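Have a look at these structures, which come just after this line.
Both complexes shown next keep chain A, but they swap its partner, so chain B is in the first and chain C is in the second.
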Partner chain A sequence: MATSGIDTVSRAEIRLWRLGLLAAFLVLWETATRRGWMDPFFVSQPTALAGQIAGWIRTGFIFRHLAVTLQETIIGFLLGTLLGIVVGLLFARWETLARIFDPLMVALNAMPRVVLAPLFILWFGLGLLSKVVMVISLVFFVVFFSTYTGIREVDRDLVNNARILGARPRHLIRHVLLPSALTWIFSSLRTSVGFALIGAVVGEYLGSHEGMGWVISYAESMFNATGVLAGLLVLMAAVIVIDVGLKRLDARFSYWKPIAK
Partner chain B sequence: MRPVVLPRVLALSLIAVLVVGAAPPGEPAEKVTVAIGGVALIVYLPTMLAKAKGYFAEEGLDVEILDIKGGGSQAASALIGGSVDFSANAIDHAIKASTRGKALIAVHSHVRLPVMGLVVANKYRGEIKSIADLRGRPVGVTSPGSQTHMVLGFLLAKSGLKADEVKIVGAGGNTMPLALEKDSVHAGMMVDPFFTAFLKQGKGYALVDMFTTRGTLEAMGGEVQGTTLLTRPDVIAKRPAIVQKMVNALVRANKLIVASSGEELARALPRELAGDPALYAESFEHAREAFPPDSLVSRDGVARVIETMRVFDAVPAGMKLAPESVFDNRFVQKALGRK
Partner chain C sequence: MTRRFALPREAREFTAIEDVSFEISGGEFVSIVGPSGCGKSTLLGLIAGLAPVTAGRITLDGRGVDGVHPRLGFVFQRDALFPWKTVAQNVGLPLLFRGVDAGTARARVADWIARIGLTGFERYHPHQLSGGMRKRVALAMTLVHEPEIVLMDEPFGALDVQTRNLMENDLLDIWAQFRRTVVFVTHDLEEAIALSDRIVVMTAAPGRVKAVYRITLPRPRSVTEIRFHPDFGRLYETIWKDLKDEVRLGYERNRHGLAG
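Presenting the complex of A and B:
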């Protein structure tokens, strides 16, 4: 608190600033489209967006599609995370494995998966599976690299001390390595939630019969900019809710943190 | 005297070259851009043929065709946004744009039928005998909101099915055959060359065939306007000469199409468009009736498309939309010499 002598803006004031800026942005947007400075055909307008979202909620239309997208996102996210942690752990424990597969991992990660999406749809069909695979392909690498780095960053002395005290490899993993890497893993999870949703939506966008990607693609082909932006806003809200949840989880699980250096 | 004569000879010969050479004397070819969502589809044949045969060039136009990967809607978006001067597009896009306050005008009719079919995978031969049998099944359209989607919705409604009684899957135009083979969809709306190829390989059967006049009348109960050349009102207002030249070339192309055999057309097109020439020829002969010899946009056909689009509220209930507001036949009539 006392660290900053110059910047004495309180939290309430910051919040006020944020709300004020948001309100100013919305008012400007609305005015610009009403006065004809900008064409609502291309950029929609806040009142139209609010109306669209309210309509979707009233008819329940959006919940069905959001549920489909979240299902794909969550299944893919959990599997991708699990796979990322397991492979990251294996690589961190067996150096040889890491040395053999390192170029492959880097190469695979460099591949633009969004472009691969049409292929996933051909291989895994138009249903849930292709979207889940898409999400896994995006989430896996983020979690894998974080886990790998996280475990390798664990204090050598700590590991050696635990060994001297008689810790077996599996004890080591459970009580020392994983807890220390948890901070890394959690920070990567919050990044990868966004990726997971992108994966699901892109998959739906390219081939599906339901989900937010379908909603957005349909609105787009109807030249309905309001529908597209409203769909994006709904997705944004979903990501924020998930992110807050993960933040809470992070706070609960990372009670045990090694003191850095 | 000599030094005077030589320039005069030069000038005369230069004029001679100009007069004999390019059709519009003196003027350089005007640049025109046309967006198309998938140039290989047979419904775009008039534009592609006019380009291949040099009809646009003879009108003094330098036509650049942009193949838009996202399909017809994206091509129409490019036109609305002002990135291109024309788009070869289903009339649907002009109607959709009009419901959102943007005018697009059809100035030439490429095809006067939907030129698509509803195909069922062979394994459902015993189960799916009519459109009503599609209840509860996944059915493919090229993309949500596309013309195939609207026409399917109309067919379902005509058979007494509600739109949500069928799972409508955006399966892509060129990936539809695979979606059917992999059982991702039980039936699908197919365009050509995929329709002809799929049936020829014996992998499915056509429940509805709207490549022919008879099939269309049976399925839709009347005329249906297909693909047209679209442009914006400001292009018509500011550059009417260019619109006229485009239409002249396209009217000529349609005349050539109705007078040609499939083999001749496959030969006239660049290799990458005709693909397998034999298949292309077959596909053309099947869809031959779709090409209007007079190139006129049909008022009744447009009216029926507006009706198909009401099924999914693509044209909102209660919204009045005059068919005349989305097309303008003056250019075709002038090209035909009728005034």
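Presenting the complex of A and C:
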């Protein structure tokens, strides 16, 4: 949709422009590699990528690895989210707890988790567990800070009103604090899901025998640029599908908001 | 009673209200008027048990207030509706909190929604309603568990004049039926006279009781018509004389940043 008043380009036209540019890019890429301007060994080429992906789909190879990655992502995401909500709730409810652990949380969050991945693999092995831990370590902080802020920023009038209407602490959490925090959690949901996938892939990339990270890492070790790029494309497609799904989910859960963004 | 707030950054205390003392009988409609910043809202918060008094005490039915009284209702200046709940869920909330069984609760919620004229809007969310409708829901939510005492903090301040008059009349009708004690905070003297049995005039900060007036205008009243009653103008003039100086004082202080 055109946002500025002067811009009157229609949606269809924008879509046409996107497709046109993409097609031009692919044609240029293909031509450049065929004419010998660039070496396909380093940059691969569109037709080779298409062939690679088609082959992966035909043999079912890619689905097995995609399933592994998604499984790690989903398990880690759910556990990380749950943990983030619970700890965020505890911290928001008990001021002292927050004051004691605040520096620790900030320090832990500042630590680059990607660098920790080899340690996680050392501790939890090459399998599912190390990746799930990796994902949790990324997702937890996003959700934790959202929940904490969401509860701290809850409308004072609403809390007072609930108290006057007779809310006990558990009512307050269930009917006021959590719904209020949920809007914050949802607003960071797409970030945290993105982090989850990155966590799983990086974990696999550094030490695993299956999953999309492993597929890319394996192709790299074979100096197979086509395999690396094809793996990235598949991941990209997965992220786009997930993102569309999340947008729908967000719209469903924000039904009470005046304008869904 | 007195209520002081610590102002840690300025290393001093701010006295919101000081030596305020008055009594309210059961079933009485009392308004508290005063300039902005005189601690009217603070006073209501203290009566509601939302905040502790610094000195003195408040009693409801002879018992000291410590915490929120279960038979008390509060209508906030802003709607304070729960935006993620429907009209029916909002109205039913106090019953849910009090563990009233679902069947009884449903009947009472339906009854109150009908009484505020919002039948058919049960499944709407607050953002889909107009300001007046939201205020009605807030009123129903407060009254559904039939509190003995209803505190109202400038409840109609944000409404346009027409809606406001309608709401005031509705409030009087409901009050006439139930005869609960109402403590109504407003800065609008006309509104206070039209609604109340008694008016407490507060001074500029720190808020003290300046005067108390009994309003003997006949009931039942209509807020739009009672203004033409011969006594209305006389009462207005008398009370306004008291209020005027305080309003000016409050304004001056606000301008100089002395009062919060």
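Heads up, the rule we're going with is that the second predicted complex is superposed on the first by the 252 of 261 C-alpha atoms of A that agree within 3 Å, B and C clash if a C-alpha of one lies under 4 Å from a C-alpha of the other, contacts with A are read in each partner's own complex, and residues count from 1 in each chain.
Heads up, the rule we're going with is that contacts are C-beta pairs under 8 Å (C-beta built on N, C-alpha and C of every residue); 3 or more make two chains touch, one makes a residue touch a chain.
Remember, it's a predicted structure, so these values are computed and weren't measured experimentally.
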Contacts of A:H175 with chain B and chain C, given as first, second, both or neither: second
Which of chain B and chain C A:L158 touches, first, second, both or neither: second
Which superposed partner A:G207 touches (first chain B, second chain C, both, neither): first
Touching partner for A:G227 - first (chain B), second (chain C), both, neither: neither
Complex interface listing, chain A residues touching chain C: 155, 157-158, 160-168, 171, 175-176, 179, 255-258
Chain A-touching residues of chain C, taken from the complex the two chains share: 45, 48, 50, 68, 70, 72-74, 76, 78, 80, 82-85, 93-94, 96-98, 125-127, 141-142, 145
Contact footprint of chain B on chain A as seen in their complex: 41-42, 118, 121-122, 125-127, 206-210, 214, 217-224
Residues of chain B touching chain A in the complex: 73, 76-77, 80-81, 93, 96-97, 100-102, 138, 143-146, 167-172, 175, 178-179, 182-185, 314
